[in-house]
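As written, the chain order gives the labels A, B, C and D, with residue 1 at the start of each chain.
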Amino acid sequence: MTNTQVTLVQIDNYGPWTVTPEPRREADLQTLQSRLYADISQFVGNRDGYVFFTRFDNMIAVTNGCSLEDHELLQESVGNRYPVTLSLGVATGTSPVQALADATERVQAAGSAQDKDRRECLDGRVIEDPHRTDEDLQIAHFDVVNATGNYTDELNAFDTFIEIEQGYAELMRHMRYAHDSLSFFVGGDNIIVVCPDLEEDDYEEAIHHVDEAVDVELQVGVGRGKSAHDAGFAAKHALETCRADGTRVELEW
Amino acid sequence: MTNTQVTLVQIDNYGPWTVTPEPRREADLQTLQSRLYADISQFVGNRDGYVFFTRFDNMIAVTNGCSLEDHELLQESVGNRYPVTLSLGVATGTSPVQALADATERVQAAGSAQDKDRRECLDGRVIEDPHRTDEDLQIAHFDVVNATGNYTDELNAFDTFIEIEQGYAELMRHMRYAHDSLSFFVGGDNIIVVCPDLEEDDYEEAIHHVDEAVDVELQVGVGRGKSAHDAGFAAKHALETCRADGTRVELEW
Amino acid sequence: MTNTQVTLVQIDNYGPWTVTPEPRREADLQTLQSRLYADISQFVGNRDGYVFFTRFDNMIAVTNGCSLEDHELLQESVGNRYPVTLSLGVATGTSPVQALADATERVQAAGSAQDKDRRECLDGRVIEDPHRTDEDLQIAHFDVVNATGNYTDELNAFDTFIEIEQGYAELMRHMRYAHDSLSFFVGGDNIIVVCPDLEEDDYEEAIHHVDEAVDVELQVGVGRGKSAHDAGFAAKHALETCRADGTRVELEW
Amino acid sequence: MTNTQVTLVQIDNYGPWTVTPEPRREADLQTLQSRLYADISQFVGNRDGYVFFTRFDNMIAVTNGCSLEDHELLQESVGNRYPVTLSLGVATGTSPVQALADATERVQAAGSAQDKDRRECLDGRVIEDPHRTDEDLQIAHFDVVNATGNYTDELNAFDTFIEIEQGYAELMRHMRYAHDSLSFFVGGDNIIVVCPDLEEDDYEEAIHHVDEAVDVELQVGVGRGKSAHDAGFAAKHALETCRADGTRVELEW
């Protein structure tokens, strides 16, 4: 049974900071947001977790393997090197969406995202090492079938982007409401989904749903593991099988 | 009349590189993509342009003010510091979508995104300094009305994200098909749109359309200028007027 | 008794890479070197170690707390994100210089720094967790007495730099030959030294030696701990005592 | 005749910031310093200038080609993305040391490096475009003859480092006092020197001096140009001639 540990990473008071005392150059905000995300990706990724950029001022991470001390260190390091600070909420559970909801509540309970006084809150629970198993995570890695041939080399780059976005928007809603899963676009034509215990049928149904709804054809590799990296890496390998064999759903177990 | 200079930035052979000889750690790919984007944002931004992360392997930039030599230098600098290289196509025109389509064709003509031999192509035309005017760019900066109060402090972080994404997906399609405009989510609840010569009515209609379609309430500040930064910064200031006065559409001229 | 774990980090084939097929822009090499160092500093630092930029193509780290698997992960992450790769040698011992010499031999035995075939070698031994103690590290943090008043606000910036460099060059030789210690300039007027079991007299003698030799007046805080961070942080606090009390040598135990 | 434009880059109030309210993790300070330097290297380097890390809180740049508006933009961008700010002093002249001294005075006149109120001062003069010539810069690129064979593959990494440092310390003093030049270690076994109009004899004498004083054998390539990049790149090519032909001094003109 899956047991996903989810962390909500929220920049403290970011909206006001971006316009105080004056609005800041957009290119600098983009640089700051991207580099902050990249640093968190290294920190969490080096502990075998995954973090998704999401909205950049709010980022969602799968942190099985990270202790509360690790979370505290991340806050301290960011506070030492950036002009902003982070609040973190951590929760766990069989349903990724429920874990994320609990993690969100931890942060909301501490104060508003634009509370001028709330800074560097850290609250929540982690899965202790003895309780971790190889089935804690189930990660699905979707991509668009032959995106390069069908879109990238054919359409203008924005229309290709629209197609990918429509596919993502449809999959994200379906996986969240039908399967309690969290879906994230990660670049190119790739979407990574954090799932509870789903079956092959669930993935075939999701792919069919997206094809019917927006005419975007997906394939998926699925993996399980003790950490987001273990499950996600297995999913990447399963996806290579789809590419090699022309199949649409491959489970790595 | 607007005269937008658009550059398509495409990483050469990225798909194959990410899985050769083996798939690479996802956290490292995310870090690489984000930091590459951040560097391009600084390079283009320091010349008063904007670049949007789009799909990360394909990025769209508004480069009024950047010469072909500047584009060449960007390629050289990235080639010296990253394990990947960039191909660039540049085009200009009154319609942002048309300019982007022409820029895309420049890159596509040079070879596939997954062509194992195509590397560091640079092709296209820029607007020479004497021909630049203060009306070349029209940039609109949308955000969600009271996102913090309505969503961030109330819903779980993924459901907030879904709302923002639905708003973005709807606006992006509407602005592209009705107004030849290019829309980009830039973090938080913000969407920046690169437009041709639009009127106040066009923006009111767009906001109404999104509200009707997905029940997400937007407001917008619009600016014009000689560069993306000039127009975008004016748009940010106009958006502050919306926030201060409770209006929904503010044009900075 | 100290037991320092030292890692030599050497970029593979860097000299030839910087000039093949042509010399590369110096500003890009500086950016690459500095960002690579910064990444290693985060990786090692998050595990409570220290890494010093040294010569940038060869960096010396104090890695008590890092396992061989950690070293392997660092190599993999760098290989995924940079156009260069790293070889690592790890060794331990009561003498920091001896540990560093043993670590160097591990890398040299694998091949020349400019061997066109040697890539990503990893060899050596770490101190296993059960064998770690609170006395494994002794770190001294020196700085120049009132550098700002005596130099920075008075001399031109290069002459100030010369003074600091002369002080560093003198201290580095003295600490290496008299005390088997490794000294590193870390910016500003600060020098961090990795020591074996030294006494207060040894530090007073070192300060006196440098003053006599090059007329640069130093003060020092010294700490001990299970990791470079623990010992170094204690040393920083001891240095604050020097600043507050006007003393020249403060030991945090 | 050379006409070097030198900028002193000084972080405002850095010493106090690093220990307020408490000392900060050393690894984070190293990361911050290195990434700030890397960003300045990109900004200045993209305008064909050079910046040297020097003491990290004080950095020396050769900024021929950068206007005062460019300097102001650099300050603004850093202020938007870092928890610290920069003060900049700019000056020009036939003597690099004199230009650096004048640049330093500009900053010192604005206030102490640890003045709790001095922030983002910008003062000085640049060389306007019509007055720039191909002889404004003379840059020398020294390295140690066969460093890899004589040191890196033979000695322990710290003793190699000591040799390089002694060579640098000797060259830096000689070039400053005998030739009004500014010398910077840039990694590996490389030293870049910013010179006035020197002759081949001056370089042969400098090499002889260092060999006699500390038994470190150097070779040098020298270039001239309108910018630091132009001159420095020519110097790199000249150094390749030394390597190929076994000579010790090569001038690219």
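We take it that contacts are C-beta pairs under 8 Å (C-beta built on N, C-alpha and C of every residue); 3 or more make two chains touch, one makes a residue touch a chain.
Note that the structure is a prediction, hence the values are computed from the model and not measured.
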Between chain B and chain D, the fewest steps along chains that touch one another: 1
Inter-centroid spacing, chain C versus chain A (mean Cα positions, whole Å): 36
Chain A and chain D, separation of their C-alpha mean positions in angstrom: 43
For chain C paired with chain D, centre-to-centre distance based on mean C-alpha positions, whole Å: 22
Between chain A and chain B, centroid-to-centroid distance (C-alpha), Å: 22
Set of chain D residues in contact with two or more other chains: 25, 28-29, 31, 35, 42, 45-46, 77
Arrangement of touching chains [line / ring / star / complete / other]: complete
Residue numbers on chain D that touch chain C, as the complex places them: 8, 10, 14-15, 19, 23, 25-31, 33-35, 37-38, 41-42, 44-46, 49-51, 53-58, 60, 97, 100-101, 103-105, 108, 112-114, 148, 152-162, 164-166, 168-169, 172-173, 176, 182, 186-189, 192, 229, 232-233, 236-237, 240
Contact set on chain A toward chain D in their complex: 24-25, 28-29, 31-32, 35, 76-77, 80-83
Of all residues in chain A, those that touch chain C in their complex: 39, 42-43, 45-46, 73, 77
